[in-house]
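In the two complexes that follow, subunit A is the common piece, with subunit B as its partner first and subunit C second.
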Partner chain A sequence: MNFPFIPDEEDRIMIEGYMEQIAFLILALFAVVGGLITVTHRHPIYCALGLILCFLSISGFYAMLGAPFLAAVQVIIYAGSIMTLFVFVIMLMDLTREDLKMPPSKFSTVVASFLGFVLLLEMLMIIGGGFLTGKMGSWTPEKVDSVGHTRVLAQVLFTEYLYPFEIISFVLVVALVGAILLGKKKLHLGGKE
Partner chain B sequence: MVPLSWYLSLSAILFFLGVVGMMTRRNTIIMLMCIELMMNAANLTFVALSHYLHSMNGQMFVFFIVAIAAAEVSVGLAIIINLYRLKASVDPDDMNRLQG
Partner chain C sequence: MNEFLIQLAIALIKISVVVAFGSGIMVPVMVYAERRVVAFFQQRLGPNRVGPFGILQPFADALKLILKEDITPLGVDKFIYYLAPGLVLFFSVINLAVIPWGPDFQIFGRTITLYVADLGVGLLYLLAVSSLNIYGIVLAGWSSNNKYSLLGGLRSSAQMISYELSMGLALVGLVMSSQSLSLVSIVNAQQAYPFILIQPLGFVIFLICMVAETNRAPFDLPEAETELVAGFHTEYSSMKFAMFFMAEYVNMVVMSCVITTLFLGGWRWPFPNPGPIIGVAQFLGKAFAFLFLYIWLRATLPRFRYDQLMKFGWKVLMPLGILNILITGLIQSLVK
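The block that comes next holds the complex of A and B.
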């Protein structure tokens, strides 16, 4: 290596690749730790906080994968509104010590973890098999960058996926009405009083 | 460049955590959180594959899944609140009116 070290184009790409891998590993650590807290912690509030940590690191992955709009959506909708909903419901519940005890039977936990490990092993074997291929699309990262990710997403959403978009708005209205109906103090689902 | 298999392995691990939490925890709120965790693992797979296959379809699916997740959580939490009012408990084992 020459001294003083002046990175040429090839070195620059290599260093950027390493930086990306380091960023991936750090974010992956946060995501897995958040998931572990969610699954193992006794108190639901800490589980919710762990899940928020996991969601924020997943939004970092979206940013790394060239989808900044989805990263923003992840932060705003998942970490912002959905988890707020969870935290509010946990606070409404007024859970006592009795509710927070962990499952007494250790046997079912062991069996469930074993089955989960089998599933994980199967998924990792499929990934390691290396036959995950697909038809290449036309949206190369350079093309997306030149147009702008949000603009590309909007173009695809309002042309190719227009009907699903309309249906999703209907689904959201139904969910809104359903949540209000279910959240009312006295629930009368038809029938006599 | 991060290899595609790293992303897929990570989402497999997150999905595994969600599945194990779903099976071991006895608290309906945490079970719902585990469903969210599994959904996010699937979303990560979608976005990673859509990036590496130069396609926009995966990202559109993530967009719709986020909307569906918002709807699902609002209705699911409303149901959990109703069950809590009925049984004063969040343990799914207590909800045995249908003798399941």
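The block that comes next holds the complex of A and C.
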């Protein structure tokens, strides 16, 4: 290698490959550390922050996979809105130091360990069974790049998947109305209690 | 010379210039302008002792803030207490990355673009970053172990979530007109006329939301002095307080640049094909007009009450945003 090192075109491609790998490793590290903090930390605020870190790294993966729209939406919806609500609620819980030192109940430990074990088995089966690469769809990366990722997503969502999309939005509205109803202390249905 | 290294150097220079402009130049300018302009509004003189016309006042302020004792109160959650001001400033500054400052130009036979990054989803990036911006404030309020701070943090998050929604709705109409989420394409789409002409309602909604998003008067409830001492940053001192202060000004600069880019044609209006210097001047001129508007509002309007604020956000701005989308859709389908 010559010194000082001056990269040419071939090196550039190599360097970009390395950079992608490094970015992946950093994001993967953050995602795993975030996940670990979420399940192991005693304080719920730190758990929430760990989960946010995890969500942000996953959004980074989406961006690296050429899905910038998904990456942005992941941040806006999960990290930005849902977790804000979580943090909001946790902040208002007014936890004392004694609350935090209390050991978790035996029942939840047993159930959580069992479910975690099942999840681990499933993951091993998927990785071992070679199910990771699914069926090839009609939208190849080249085709998506030629039209634009967001445009493709919108077109598919509002033509092919219109009914599922509308049904999901309807279900969400129902959930919203239900939550408001449950939140009201007194119900006045038909004017009588 | 080598192509890869040159590209890297150009990118680094652009990032440094933008960050230096946003936080290093604009913050002192805004601190001075705010104190001076508000003073004139109130028939006072304002700072006029440090340097000619007092223009060195912000540097004296900065020196004072750096040299002050950095107090960490008892009972705070140290990690989050230290993290919060950094988060707030970080999420304010990275917004500057997608703003197109001026036209491309040629120098030494290569084309230089006057933006750091042209993201395909630039608008969503702005919304995503501003939704993350809430955390710094909320966590600062919570970790301070102080009731006033907690209330300030809660108020601010509730306010930002409510107004972000209307802001997003106002932007939907704009995207329907521009057919793109990239800020560079949005500026290019305004070559003939700025979008304020076809999206007047969207402009008004965005203008109100941008003041609310930056927690400025008349929407400065998170730091309402009479009720909450100083809100979420009551317990912060020295440079950590200064970081909140800087973040507020950087946010104002970002929002002024964004509204200029989206609704007033960015660097393409009133002259659609300017050179780089006139282009940047056009852009900054409009951005400065919005920064003046911020100060003007602060000096003129009294603060909202909290329930008024929430009612206004959810019952006025949000329906107006939906109406704007409907009108835009109707007109577009009629024109086609």
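The working rule: the second predicted complex is superposed on the first by the 139 of 193 C-alpha atoms of A that agree within 3 Å, B and C clash if a C-alpha of one lies under 4 Å from a C-alpha of the other, contacts with A are read in each partner's own complex, and residues count from 1 in each chain.
Throughout what follows, contacts are C-beta pairs under 8 Å (C-beta built on N, C-alpha and C of every residue); 3 or more make two chains touch, one makes a residue touch a chain.
Everything numeric here is computed off the predicted structure, so don't read it as measured data.
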Which of subunit B and subunit C A:150 touches, first, second, both or neither: second
Which of subunit B and subunit C A:183 touches, first, second, both or neither: first
Which of subunit B and subunit C A:60 touches, first, second, both or neither: neither
Touching partner for A:89 - first (subunit B), second (subunit C), both, neither: first
Of subunit B and subunit C, the chain that contacts the larger number of subunit A residues: B
Partner chain(s) touched by A:39 [first = subunit B, second = subunit C, both, neither]: first
Touching partner for A:51 - first (subunit B), second (subunit C), both, neither: first
Touching partner for A:139 - first (subunit B), second (subunit C), both, neither: first
Intersection of the subunit A residues that touch subunit B with those that touch subunit C: 73, 81, 92
Parts of subunit A lying in touch with subunit B, wherever the complex brings them together: 17, 20-21, 24, 28, 31-32, 35-36, 38-39, 44, 47-48, 51, 54-55, 58, 61-62, 64-67, 70, 73-74, 77-78, 81-82, 85-86, 89-90, 92-93, 95, 99, 103, 108-109, 112-113, 115-117, 119-120, 123-124, 127-128, 130, 132, 134-141, 152-153, 156-157, 160-161, 164, 168, 171-172, 174-176, 178-179, 182-183, 187
Subunit C - residues contacting subunit A, complex: 2-5, 77, 80, 119-121, 124-125, 127-129, 131-132, 134-135, 138-139, 141-142, 150, 153-154, 157, 161, 181
Touching residues on subunit A, where the partner in the complex is subunit C: 6-9, 11-12, 15, 45, 49, 52, 68-69, 71-73, 75-76, 79-81, 84, 87-88, 91-92, 148-150
Interface residues, subunit B side, partner subunit A - complex: 1-2, 4-10, 12-21, 23-27, 29-30, 32-34, 36-37, 40, 43-44, 47-51, 53-57, 59-60, 62-64, 66-75, 77-82, 84, 89-91
